[in-house]
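Chain naming follows the written order as A, B and C, and within any one chain the residues start at number 1.
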Amino acid sequence: MRVALFATCVNDALYPSTAIATVKVLERLGVEVEFPAAQTCCGQPQYNTGYRRATEPLVRRMARAFEGYDHVVTPSGSCVAMVRDNYPRIGAKAVAEGRGGELADAAASLAPHVHELTEFLVDVLGVTDVGAYFPHTVTYHPSCHGLRVLGLRDRPRRLLEAVKGLELVELPGAEECCGFGGTFAVKNADVSEAMGDDKIRNALSTDADVLCGADNSCLMHLGGMLRRQEAPQRALHLAEILASTEEEPLR
Amino acid sequence: MTSPSSSRDRVLGRVRRALAEAPEAPEVTRDYLVTHTPDDPATVLDLLHENLVDYRAGVHRGTRQGLPSLIGRLLADHGARSVVVPPGLPGAWLAGSDARRRYDDPPLTPAELDSADAVVTGCALAVAETGTVVLDAGPGQGRRALTLVPDLHICVVDVLGQVVASLPQALPRLDPTRPTTWISGPSATSDIELDRVEGVHGPRTLEVVLVAD
Amino acid sequence: MSGTYLGMPSFPEAAREAVHDPTLRGNLRHATHTIRDKRARAVAELDDWARLREAGKRIKDHTLRYLDRYLVRVEEAVTAAGGTVHWAADAEEANRIVADLVKATGESEVVKVKSMATQETGLNEALEAEGIRAYETDLAELIVQLGGDRPSHILVPAIHRNRGEIRDIFRSEMGEWGRPAPEGLTDTPAELAEAARLHLREKFLRARVGISGANFMVAETGTLVVVESEGNGRMCLTLPETLISVVGIEKIVPTWRDLEVFLQTLPRSSTAERMNPYTSMWTGTTDGDGPRTFHLVLLDNGRTDTLADEVGRQALRCIRCSACLNVCPVYERAGGHAYGSVYPGPIGAILSPQLRGTGSEIDASLPYASSLCGACYEVCPVAIDIPEVLVHLREKVADQGGKGHRLEGVAMRTATWLLDHPAALNAGERLASRTRKLHPKRLPGPGAREWTNSRDLPAMPPEPFRDWWKKNHA
């Protein structure tokens, strides 16, 4: 079984700790993971802002970078949703525009192999207890693309519940969007901020130490607001909690 | 201004151009349920009863024999002194009431209907899953305005022949050429803070009588 | 579409005020959350919801694919049943047809059932210009009309008003339009509904002309269907001598049987009821029952442009339930007025720019009025993939290169170039990491300023992941 890590551009540049944590969890579970260096970004920011044609080189790059791997694992639901949902659309539109089936083929060759981290752990490896230790109170925000496009359902929560020492508390209004939305956060900054404020108010009402998510772009927005407000809660990616062990606890 | 016929051609022409390269539409699927309710008359009737009550209709069960006195009591309980009688309503139904009869022949004016306290009708059928009675202006129901303007509507449902479980069972039994009114509880509104309040322009009181022999 | 709302500022500007209005935020939050939870319960009652949704979607897609045939069929059936069919290519023509029909009756006032199509065409204002007064009879429309206000929701146009505000409007305005509000009117919803009943009753009883839209038109039978709650619809549809219905061409369903799908999905999606209190169905005219004259005005007004777009045409499946508004986090905070159209919320964000085009500032900004969270798609009873259409329309707006989009396009293509050259990307990442101590908390410039107004930037890591990987695994 050849497994590749798709770190994502956000994690590569801003949150390497999440990508490192993903590698550690996978290796602890006996998975030999590779990092194809040709990978960069899935192109979601371009695509969702209306620049489909500017996304196309990245579709090709992604398909080439991960060619031949049985599984491509990524700690970002929205990037998986991009590949699974939008790559085929980009391919179909190119066909409709008379530009041939090359992009459609690239999309079709890649999409079935890409898994969000919790999908890979629960569905492919069949594991919910990954041997983690994290003695803190945690509330979980299911990001929209993971929740609604991928249908991750209770996978992240089952993984968290199996973490030793961890107390999981329900987040009120969990399924409501946090207000990040890519370029939405700057194009509609007032509404985005209002949504983020409500999400944070709900998160703080749980008295949890940690607001956990499985998508660092949402956490960049929520964490940025928590820090700006000097709130007694930190935003943390699920992978980093799963990587934490008694021998090597996350501080 | 364009002439009517040219607008027709324009709109149809635009539709055809818009669809010139559209792929064939996928086939319509109808694998949804014909009914959500077990095929047992008593269960269906109980469900109708429950759903009518849930939307604030009064529900009464009785026999054909007891119908005149039941209707008489309902009219009296609501203080109805005049009652609109649609053409074809069995005369016996009102035998137990001394409310003044207002016959729709010649047709009552809207103002006359407004001054009447109540109307008594039959129905075409009732739908259990939605708590609905359907009127199709047939005998004993009258034209649509009769069940709209008076503030109390007493509607008699024949349990043996007029109750169906679901919408897919109801539609084939109705004639689309007839004006049809589907009534699910008294008039209501959710326009203030999306909270449901019963009683706006239609009858504020709906009493449904389920009659079995 | 009518120009009523054009000249509106872009969505972000219009939303700013609403976001910072605590009363409005409270009203919207209360109302949308109430109905959201009820809808979820009403839908959960039906085990076959997903199959009903798929059937509804396919019936609408099939209708739209053969729309020309079904339009001709509905025309034939309505005519055969004693009605008269008119065709209106745009709002102006629809308003002209209706005004002429009203004038031909000699009347100078009409009663109206709540209708999105006539709001879209700006019919009331057009009639006013011809000396005809149109009375809105739906409670929420009445609140909007008396308040000199604009609708902000498809189902509940006065959703932005709470009970206290409604009482104040009734007290001060009802007398100007007819019967004044009862003495000592309180703000309980039951009393407010009673005040509306009394105020409108005299208008219903004397009305000679009624104007409506329709939720559905059945092609095979020529039957029109109006779904409502209060009975004001029944009043307008049955008491007047003349009935004029203005209906968008996409409201057709092919068969009588098709109603069994939509009469299950529409009430549960909109008012969260198993069935709405009143549904009226009529076919042409009936001797001795209801209006003696019936006119059907079939309205295009941008619908055929929408139909021509292979991705965007799914918006024409819409049955105006407004479930998407009620779950939308953006609508909940921005309110309906910010959308600058009678169609607010997620469906408005894809419908208005298609019906009106993306030429105006507001229409060009609407496709971006979404975080693409997908809650709208999830609840849509005809499975309109609203996020898909939003992104598709963003592409159209970006292609036309208006305000801000030329620079943005350059930035996006530059980003792609960088991301297509990992070595250059890596150099950039290293530079950012090395200078991390120097990054300020708030940044100037478009984008960065909006971001750092309310959020700290993430702390730059000492090195990017790909450098860590090289050191530890390569």
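FYI, a contact is a pair of C-beta atoms (placed from the backbone, for glycine too) under 8 Å apart; a residue touches a chain by one contact, two chains touch by 3 or more.
Everything numeric here is computed off the predicted structure, so don't read it as measured data.
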{"item": "Most heavily contacting chain pair (counted by C-beta pairs in contact)", "value": "B-C"}
{"item": "Chain separated most widely from subunit A, comparing mean CA positions", "value": "B"}
{"item": "Central chain of the complex, centres being mean CA coordinates", "value": "C"}
{"item": "Between subunit A and subunit C, centroid-to-centroid distance (C-alpha), Å", "value": "33"}
{"item": "Separation of subunit B from subunit C, taking each centre as the mean of its C-alpha atoms, in whole Å", "value": "29"}
{"item": "Separation of mean Cα positions, subunit B and subunit A [Å, integer]", "value": "52"}
{"item": "Multi-partner residues of subunit B (at least 2 other chains)", "value": "none"}
{"item": "Residues within subunit C bordering two or more other chains", "value": "310"}
{"item": "Residue list for subunit A, restricted to those that touch at least two other chains", "value": "none"}
{"item": "Residues of subunit C defined as touching subunit B within the complex", "value": "27, 30-32, 34-35, 45-48, 51-52, 54-55, 58-59, 61-62, 64-68, 71-72, 81, 86-89, 93, 96, 137-140, 143, 155-156, 158-159, 162-163, 166, 189-190, 192-194, 196-197, 200-201, 204-206, 218, 221, 223, 229-232, 234-235, 237-239, 249, 256-257, 259-261, 263-264, 267, 271, 273-283, 286, 288-290, 298, 300, 304-305, 307-308, 310, 313"}
{"item": "Subunit B - residues contacting subunit C, complex", "value": "1-2, 4, 7-8, 10-12, 14-19, 21-22, 24-33, 36, 51, 55, 107, 110-111, 114, 127, 129-132, 137, 143-145, 148-149, 167-168, 170-172, 176-197, 199-203"}
{"item": "Subunit C-facing residues of subunit A, complex", "value": "7, 9, 11-17, 19-20, 23, 35, 37-41, 43, 45-52, 54-55, 57-58, 61, 86, 89, 96, 144-145, 148-149, 175-177, 179-196, 220-221, 223-225, 227-228"}
{"item": "Subunit A contact footprint on subunit C (complex, rising order)", "value": "11-12, 15-16, 19-20, 25, 310, 329-330, 333-334, 367-375, 377-378, 388, 391, 393-399, 405, 408-409, 412-413, 415-416, 419-420, 422, 425, 429, 432, 446-447, 450-451, 453-458, 460-461, 463-466, 468-469, 473"}
